[in-house]
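After this come two complexes, each holding chain A, first together with chain B and then together with chain C.
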Partner chain A sequence: MQLTTHTTPSGFLLPSIHAAHAFFTEQPNPITQNTFVNNWIQLILSYARHRRLFVIRVEDAEVAGGDWDEVLRNERINRRVIPSYLTSLISAMVSRDLAYYEPPKQTRSVVLLWRLPEEWADVLHSWGTATGQINTILTMYEITDPPVPSPLSGIPLSLLRRAITVLTRSGRAQLIEVADGEGVRLLAGGK
Partner chain B sequence: MALRRYTTIVDGTIPISALLYNDEELLASQDNVGIYDGYQKAIDHQSGAIHVTTHRLFFINTRSPATQSFTMDLSHVIRTDHYAGLFKSSPKVTLFLDANSVSNSGDENHVDARFESWECEVCSYRNPPGLSPAAAQVCGLCGVPRNAVPAPTSQTPSEAPTPLISFPTSSTSLPGTPSRSGSPPHGNGDPDSIACSACTFLNHPSLRICEMCFTTLPTVSQRFEYNKTKSAPPSRPVSPVSTAADPANLLIKLSFRKGGDKALYNILKRALKARVWEGRQIGKVLRNGQSNMGAVSPAGSSTPAFLRTGIGGIIENVNASVKNTETELSDAFQDLEALMVKARDLVQLAAELNEKLNASSTVASTSRSASPLPPFVVPSVASQSVPNSIFAVTSLVPSAEPEEAKFIRSSLSQLGLQMTNAPVTPDMIRDERRWIEELARELAGVLQGTSDDVLGQKPSGIMRQRGIVGLDEVWGGWNRARGVALIPPSTFLQTIQFLPDCTSPPIYNRTFKSGFRVLHTPPFTHASFTARLLGYLMLSEVLTTSQIAQEENITLSLAAEMIEAVEVDGVVCRDDERSAIRGGGGGGSDSELRWSLNTFAEYVWDGQTFD
Partner chain C sequence: MGLTQSAPKITAQDRAILDLKLQRDKLKQYQRKIQVILDREYEIAKSYFAAGDRDRAVIALRRRKYQQSLLLKTDGQLENLEQLVSTIEFSLVEMSVLHGLKQGNEVLKEIHREMSIESVEKLMGETQEAREYQLEIGNLLANQLSVDDEEAVQEELRQLQVQSTQSEFRVKLPSVPAEQPVAIEIQDTQPMLSREARERVPVPG
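The block that comes next holds the complex of A and B.
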């Protein structure tokens, strides 16, 4: 049986390994398991980027019908990722700094870093530059939910703050405390 | 024997003073006395009172005075001995009895005669009854012996057999009767005729051999001795008891359970010295005559010539052989007991020797390694450590010669004298190695049957059909085959190390990750199994554990162990049915694993990419 790639209804090209039964089982052999985990992480991050999904939860493996069904389940071979396996995949991602627990101090839901905070910072800065909002004070809401869709639309607040922190450190943004919240002013300076 | 031969039963319910002769005197009494018949305890006479008189010794049994009491004439005693006692052993007085004297049936006869008065032939004095046997032989008035007159005439036909029997009758019947048998019988039949012990023919009393069958007739004395036991018919005497001159038959011991031995012993000695019973010379002459006539001495030179003929001879022969066997048997047992005592010594010696060897070898090694002592110092140290050992001399050599020490120790262990608590040393292991190898050979037989065939089709054996067997099954099967001298697991584990050398094809031992141990043939080594498994998976892509087990004809758990061992190498990967969307285990722990080749080691991402 030759394993083949498969394109999902959402237009995502699933890798051929996704059609292997063993791919859905945690392997005791560390070498084999490492290969599988690497491919799982790439698959999850690719799909997240494809669908602009920022969060994955253990519930996604427990309950069908979520955003992740196309990846976590393979109806063609009658296989799915069981929750305990997803938990271990999530923790593997966290340990490789490809995700972080959000909210913290729990292990059932993570924010996926298919772009690292540094990359998001660049995206934020270039978006501000492109939209002429340098030196303008922006609220968080204006960034995450702009009237014109942007690459930053729907970004989780915690991830946005990390990106702003990166910009602040390099002098390209300033975090401003206002009465009913906080704002950010993008600065033209920097590298 | 001695009891039966020398004593006569008295009725102990009668007060002791009433049992005495008129001229007899009670000297001393002692309670709580037990009797030894020879060297053995007389079971029926273990508690009673002993009475010493001038003539006799009385034993009145406390338990059954009527039947188990007896009296013995002091005339039988030739020597006495006193034993003071030690710890739990009571003081004892030993009475050595005269081999030539027997229980005086004549006297016994006089027990009846005692109560008859008789008239002296010479002076016509009517002698009163109740005198002692010796005294009763002599007329109380004139001092003439009782049978002085009739003796010359009456003794001619039947000289000796029943000299004393005449006395009771002499007072009533004619003393000069030519033959005793001629006298009218009183009671049922002639009391003098002797019944043959073999054919029961009533023989003339003067005969010593049965007229019909040539069996030796019981002597008169024995007959009378028998007669006093009331239950037996008077005309059916027992077969003659062979009363050999065994020293054990010639002594009686009095055991003084509650003391009083010394006082009684002194009185007894005095009574024996006084010899009051020897009233007149005549009594002794008569007794001597009788003892000569009694066929009690089997050593008699004249009798054996007769004994070898007829039924009597046969019976005698049989008796002799039985007696021979008995003595030989008892001798053999004595040897055995002696050997057992020796064996304990031998074991002790072995222990000592072992200790010695250990001590000497350690001393030798330390001295050799630590300080360059002169070689003669070593033995002296060794012998000082166990100075009392008789092996001190032999240990000198082994300390310098490990080879000899090894030999001695191996010989000891071969003799079964190996000390279990002795530490296992390399030289012992070397000797044990041969044993283990022998065991391995035996185990090979159990596993592969008779090792005639090189490949498969073994007629019997645990592994005849299977290439891989659990160690527990092998151990159980082997011990079942042995039946005795079962092999402990530790030895078993040692043995299987030698197994590949004794088996063809070689059988190896293998331990899985879980601790499960197996014996297997070459086809079931890890490498061979891996190759086979990969072949199966190449053909059928995915196989469950049970399918593989079926294919290999091994148990499910064993297959799982082996596949997991292959999985460690990373060449196969598993698929747990629990991760199925529909059906499957649904989370159960017993869901089946499916195996496939691990083709993902070189996997390159072929899914969605972003530029």
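The block that comes next holds the complex of A and C.
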């Protein structure tokens, strides 16, 4: 059996393990299984970072044609991740704080944390500093959908809120709420 | 680390700005929605036209035109909102500049208060007094010398002057000759020189 790396059309380099048949099914040996889960989590997070994907759903394993086909399917060896396996991978990620269920109280969809909320907080603050928006009041929409693409474009609102919470705790941001929405003011304050 | 102590207070202005910005975001989202409708109506018109249903295609295009006019209107409103937001933000900047100037002025006043004319005059007067005091001390010390001592000092000064003038002259002037001057015999040396010259001529090289 020949295991080689493979570059996907989106320019992502799949590791050689992705060409192994066994990688796509749950293993009875717990040690092997643990290694595979680690590899899967790493693969999913780095692919998410590569494509700037924030969400993975069990549905992505059920239906072809989504963003995750390049990772969850390997047509070259005719293997794919079955939905139940993806569910267990997702729960493993959630238990390691590398993802969280969004919306909560369900297990079919998660927001991936290829940057932790603390790291996103830093990204947000340095973006605000670089664009001179310290002390101005920003709406959430302004941050997630800026006219000029930023490192935060498309960030899920729930993740953005977590990052802002981190900033408010260290006195680097302030949440402002009004009747029909909320905004945030970034502050220059140090950590 | 306190949450409230470091964060500035949320003022009514902040809320107003946020409200405006939220309105602006809503308009932007609305525009996006209209854009989607525009595209959809176009597709509908195209499919009707392809199916040979001209009338329905025209209706779809008319609807599209209407949505387009809406889009133009919202553009104007958006511009107004953005202008208002930036005007407010600029005014806030101006306000902080004013605040800064005010504070600078206060500091300057404070400094001037400490540097009032009276205190400067007083200081200068004190300096003058101190100088006079010093002079007085000098005078007192001088007056403690007796008249004899003073004369001796003056004498010493005079001798110093004399010495310095004498040493100047001693270097420059030659000493007076002590002996009678003797006349030198010029005739004796003259023939000697000519003899030598004569001897040299016949013996070349």
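The criterion applied here is as follows: the second predicted complex is superposed on the first by the 191 of 191 C-alpha atoms of A that agree within 3 Å, B and C clash if a C-alpha of one lies under 4 Å from a C-alpha of the other, contacts with A are read in each partner's own complex, and residues count from 1 in each chain.
The rule we apply is simple: a residue touches a chain if its C-beta (ideal position, glycine included) is under 8 Å from a C-beta of that chain, and two chains touch if they have at least 3 such contacts.
As the structure is a computational prediction, the values presented were derived from the model and not from experiment.
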Chain A as common anchor, with chain B and chain C clashing or fitting: fit
Dominant contact partner of chain A by residue count, chain C or chain B: B
Partner chain in contact with A:T139 - chain B first, chain C second, else both or neither: second
Chain B versus chain C as contact partner of A:G171, first or second or both or neither: second
Which superposed partner A:Q27 touches (first chain B, second chain C, both, neither): first
Chain B versus chain C as contact partner of A:G183, first or second or both or neither: second
Minimal inter-chain CA distance - chain C and chain B, angstrom: 33
In the complex with chain A, residue positions of chain C that touch it: 1-3, 6-8, 10, 14-15, 17-19, 21-22, 25, 28-29, 89
Chain C-touching residues of chain A, taken from the complex the two chains share: 136-139, 141-142, 145, 168-171, 174, 176, 178-183, 185, 187, 189
Chain A partner contacts - residues on chain B that touch it in the complex: 541-542, 564, 567-570, 573-576, 578-584, 587, 594, 596, 598-601, 603, 605-610
Residues of chain A defined as touching chain B within the complex: 1, 5, 12-18, 20-29, 31-32, 35-36, 39, 42-43, 46-47, 49-50, 73, 75, 78-82, 85
